[in-house]
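Labels run A, B, C and D following the written order; every chain starts at residue 1.
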Amino acid sequence: MGGGLLALINLRREKIALMGQILQFLFSGLTNGAVYAVIALGFTIIYNATDVINFAQGEFVMLGAMVMYTFVHFLSWPIPVAFFATIICVSVIGILVEFFTIRPAKNADIISLIIITIGVSIFLRGVAMMIWGKDPVAIPPFTGSTPIVFMGAAIDPQIIWVLVITLIAMIFTQWFFKYTIWGKAMRACAVNKKAAKLVGIKVERLVSLSFALSAGISAAAGAVIAPITFASYDMGTMLGLKGFCAAVLGGLGSGVGSILGGFILGILEAFGAGYISSSYKDAFAFLILLIVLFLKPQGLLGQGEVDKL
Amino acid sequence: MNIHFGSIRYQYIGLLFFVIFLFLIGFFIKNDYYLNVFVLIGIQAIAVLGLSLLMGYAGQVSLGHAAFYGLGAYASGILTIHYGLNPYLAMFCGMAISALMALIVGLPALRLKGHYLAMATLGFGIIINICFKEMASLTGGPSGLVGIPMLKFLNFTFDTSISYFCLVWSIFIILMVLSLHLVNSPFGRAFRALGSHEAAAQAMGVNTHIAKLIVFIISAVYASLAGSLYAHFVTFISPASFGFICSIKMVTMVAIGGMGTLWGALLGTSILVSLPEFLTVFSDYDVLVYGLILIIVMIFMPEGIVQASIKIFRNFKYKETNG
Amino acid sequence: MAEVLLSVDNISKNFGGLIAVDNISFNIRVGQIKAIIGPNGSGKTTLFNLISGHYQPSSGSIYFYGFNITKWPAWKSASVGISRTFQNLALFTNMSVIENVLMGVHLHTKAGFLSSIFRLPAFFKREKEAREIAIEKLSLLGISDIAEKKCGDLPFGLQRLVEMARALAAEPRLLLLDEPASGLDIHDRNRLCEIIRQIRDEGVTILMVEHDMNITMSLAEEVIVLDSGKKICEGTPKEIQRDPEVIRIYLGEG
Amino acid sequence: MLSIQNLHVSYGPIKVLKGVSLHIDQGEIVALIGANGAGKTTLMSTISGLLRPQSGEIKFEGQDIIKFPPDKIVKLGISLVPEGRQIFAPLTVLENLELGAYLRSKDKKGIKEDLDKIFSIFPKLKERKNQQAGTLSGGEQQMLAIARAFMARPRLLLLDEPSLGLAPMVLELIMDSILELNKEGLTILIVEQNAIKALEISTRGYVLETGRIILQGSSNELKEDPDVIRAYLGKDYEEITER
């Protein structure tokens, strides 16, 4: 009888352990997914305004982390101040990037524009390496590092920050696009540039704004993820690619799609890494993407286009 | 009619000058280091030539071409080291594997358009690269594969820079001639047509899906051959040489040189492979300058250096005759 | 009465919720010139794209010489002799005029891959033949003098003619002309009429969409009138001019 | 009000307009008719600043506007309702209208007034103001396009092919509303392939053919002109075919 009880307790323990493991994966997936989602949103904003896939998007994330590190570590600014200052700083960098590289190349075709953004990403990475060196740097977590235990899973409090800030970024962009005239104008630009010009919208100015917005939210993602992953000059490449992956997965141009794509990617990746093989973690993300694209060539929420003849 | 066959005649003349130029380099450059740079340019140019057919003519972007380059290199490396296969046979196996892989991936992927195609090929490239890293028992993992044998012909080993220089550039010239023939044939016209206006090409009876697939496979085979040549030249390969950055560099070489001209592929490759050598004067800033050069070239010469030079030359001639 | 060349049977096409072509049926007989008219957005071009295989119909069937070609892709329809021009021009602008027309000949030059890349004698022979055909078509339209010009640099009117030469080079049995006269001035329009008649006399069946009523009414033996994706009338030009429905919707009264 | 002198416009090597001159006076409805490809849309795009002409001059109320960007031209009081409507399909009807008033988006009160005015002219749009514009019928989309242009408070309204793809009944409605807008003091230039309708509502007209104005006069005169009848009004085909 006592043995039976013991077995029952063990079973329960195993169950809790299993639950905890699943939750652990889920949270890790949500965290990465949130970051991918925000980066994908950044891609989408620029893509909608300019039709350019900005390969320097990952570098905005990296700059977010690095500038944050500078403000916190060297200038000892309090975290909230540093956080907002980082967003503003990187937004300005975004505007400069647009002004000096995208705008002069007005008549370039898509491939040339992509290569320009690749050039920008190489350049920014080079600058970052010069300023901050090659070694990864650590940023202190926003609110301590004592893990919160939740149903058998130990959760880093920074994860909560990641989720909260992602949520705020999403709500902010939704609000911006739905309720401000600038946001509406940007959507109008994405739909039809010519008609947008005809109602008096200065398309160039909105393109600048889109770079600022996109760089800003990417920087927020970088600043908030850095305490978990460390920050280094080359952290942007993979993050940028995953964000791009999420944006395409959700359907290029769709804001909701990129958020969905980000979370799907993050969660599947976490479970794939946990249950199948952690060394192939990055491959899962792209495998998922290939499968989705082959089954649904326009991404999950992308709109099918009819060839105009 | 004369003009048409004449235009390919010009290409032959260009090629002849280029061969003479190569002879001069072979004769006068005695420094192995510089010769090696030229060998690397030749190897890379073979891969970029194929990509130029795909991108510049058929208008299909591939951001994962390093995968085929790597497949060639690893096929050569693995088959010769682990299975003791003849290097030439290994090279052919590599090309066959790449062709098969291109077929499998291309079949669904080439139905995608624009950014979606770019993303799918990019994803494919990254997956293959991760496999290079993780299948350590075969590939040696992240630290790579050492001791790949050099190429031999009868009793002659291609172990000096100058011998490999001759080998690589001979292969390049042969492929260049074949590619020039290809683009100036009904097939090449069909590729260009599909790159220019897909629906109209279909209306001319071109099975655009098969046509894309054929160019994709050809370009994969070129890249694979280049990869094998690379493996046998440096005798050591690691996944880092075949990553996303490598794919991007190949695309950049095509675009910088100029889309829709095979000479552009050669020029773009020469510039971007040798650029880091010149940039060593900037020491740590080299990456930065490299990025800047990409940006500036693309802003001021979005159609590539070859087209831009032709334009400048024409304007110059125009001014001369009028002034 | 001549044999039926193309038979369109109850085809419909919708994009999302929008019905662009709604249950249309008609026949074209061998050697005929048939015209489709209707206001913009009435589904004429969509109908063309369905026949040429660029779009797949949502329902209904298309028969060519009695063969069901409904599900055929465009390149396959082209290979059995359905050739077309495009409303907004679809030339390969980076290629020369003759190269464009050679693309039309593409179907009939069974070029070998190996003979092409190794430049075997067979290649030269085929290229020569193909060029002769291309030049012949350009001469037919009176534009053989611009053969080596780059297409993108030509004025609109000439581009139209090049596109037509390209379509003709495919030696079509059915030629679909989508607004062949748009962008041409009166002088060119008159020539166009002559050319179209000449093509018909050589045995090519023609289906065209044309806004210029003058051309349509003088060339076409039969006219189909479309409105909002539906066929509202079919008959000889005289018949349709008297049709009260057509007058109300298209020609206008008074 | 608007005067155009000797305007030349090219797309690359292709000359589309070859010396077009015309003028529009305050309060008029002027029709510009011509076949497909004659250059009508090019002319409209050039006036509204989307295209740069090679040479010539465009004056609006005495001011040379040839180098002005589109937003400045809208601000001066010229609004174009483009061919094919070009509404922002995924946005709601209301958002489309708000964007029409983009340049004066701070003038909340004025916008409110204009919206009321628009909704009284086009009650259908009021019913559907929270629907996505892409879900409207063709006629409603055309109304929206006109209304959107009206929201910028233009003094000169350019209408490019308002009849495009519309059923005759709906077209009638659109034409009525155009007349109504004209009565409110709006000057209108209307470009049409449907020459009958255009000449019916207009006071004066021009005929554009392959980049040149070949004919001009009062609408009544043009309606009687044999060439116009033959080429554009679609009457008397029998005569032609039998000739």
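Definition applied: contacts are C-beta pairs under 8 Å (C-beta built on N, C-alpha and C of every residue); 3 or more make two chains touch, one makes a residue touch a chain.
Here the structure is a predicted model, which is why all the values come from computation and not from measurement.
Visitor: Among all the other chains, which ones are in touch with both chain A and chain C?
Guide: B, D
Visitor: Quick check: more C-beta contact pairs at C-D or at B-C?
Guide: B-C
Visitor: When the C-alpha atoms of chain B and chain D are each averaged to a single point, how far apart are the two points in Å?
Guide: From the centre of chain B to the centre of chain D is 52 Å.
Visitor: Distance-wise, how many Å sit between the C-alpha centres of chain A and chain B, to the nearest whole number?
Guide: 33
Visitor: If you average the CA atoms of chain B and of chain C, how many Å lie between those two points?
Guide: The computed centroid separation for chain B versus chain C comes out at 40 Å.
Visitor: Identify all positions of chain C at which a residue touches two or more other chains, and write them in rising order.
Guide: 54, 86, 90 - these are the residues of chain C that touch more than one other chain.
Visitor: Counting only residues that touch at least 2 other chains, which ones in chain A make the list?
Guide: Touching at least two other chains: 307, 309.
Visitor: Listing for chain B: what residues touch at least two other chains?
Guide: 199 - these are the residues of chain B that touch more than one other chain.
Visitor: List the residues on chain B that touch chain C in their complex, please.
Guide: Touching chain C from chain B are residues 1, 3-4, 178, 181-182, 185-187, 189-190, 192-193, 196-197, 199-208, 260.
Visitor: Given the complex with chain A, which residues does chain D contribute to the contact?
Guide: Within the complex, chain D touches chain A at residues 48-50, 69-71, 74-75, 79-80, 82, 86-91, 95, 98-100, 102-103, 105, 148-149, 151-152.
Visitor: Applying the document's contact rule, which stretches of chain C touch chain D when the two form their complex?
Guide: These residues of chain C touch chain D: 39-42, 152-156, 179, 182-186, 211-214, 217-218, 227-228, 237-238, 241, 248-252, 254.
Visitor: Would you tell me which residues of chain D are touching chain C in their complex?
Guide: 12-15, 35-37, 138, 161, 163-168, 193-194, 196-197, 209-210, 230-231, 233-235, 237-238, 240-241
Visitor: Which residues of chain C touch chain B in the complex?
Guide: For chain C paired with chain B, touching residues are 52-54, 73-76, 78-79, 83-84, 86, 90-95, 98-99, 102-104, 106-107, 109, 111, 113, 116-119, 123, 126-128, 130-131, 148, 166-167, 170.
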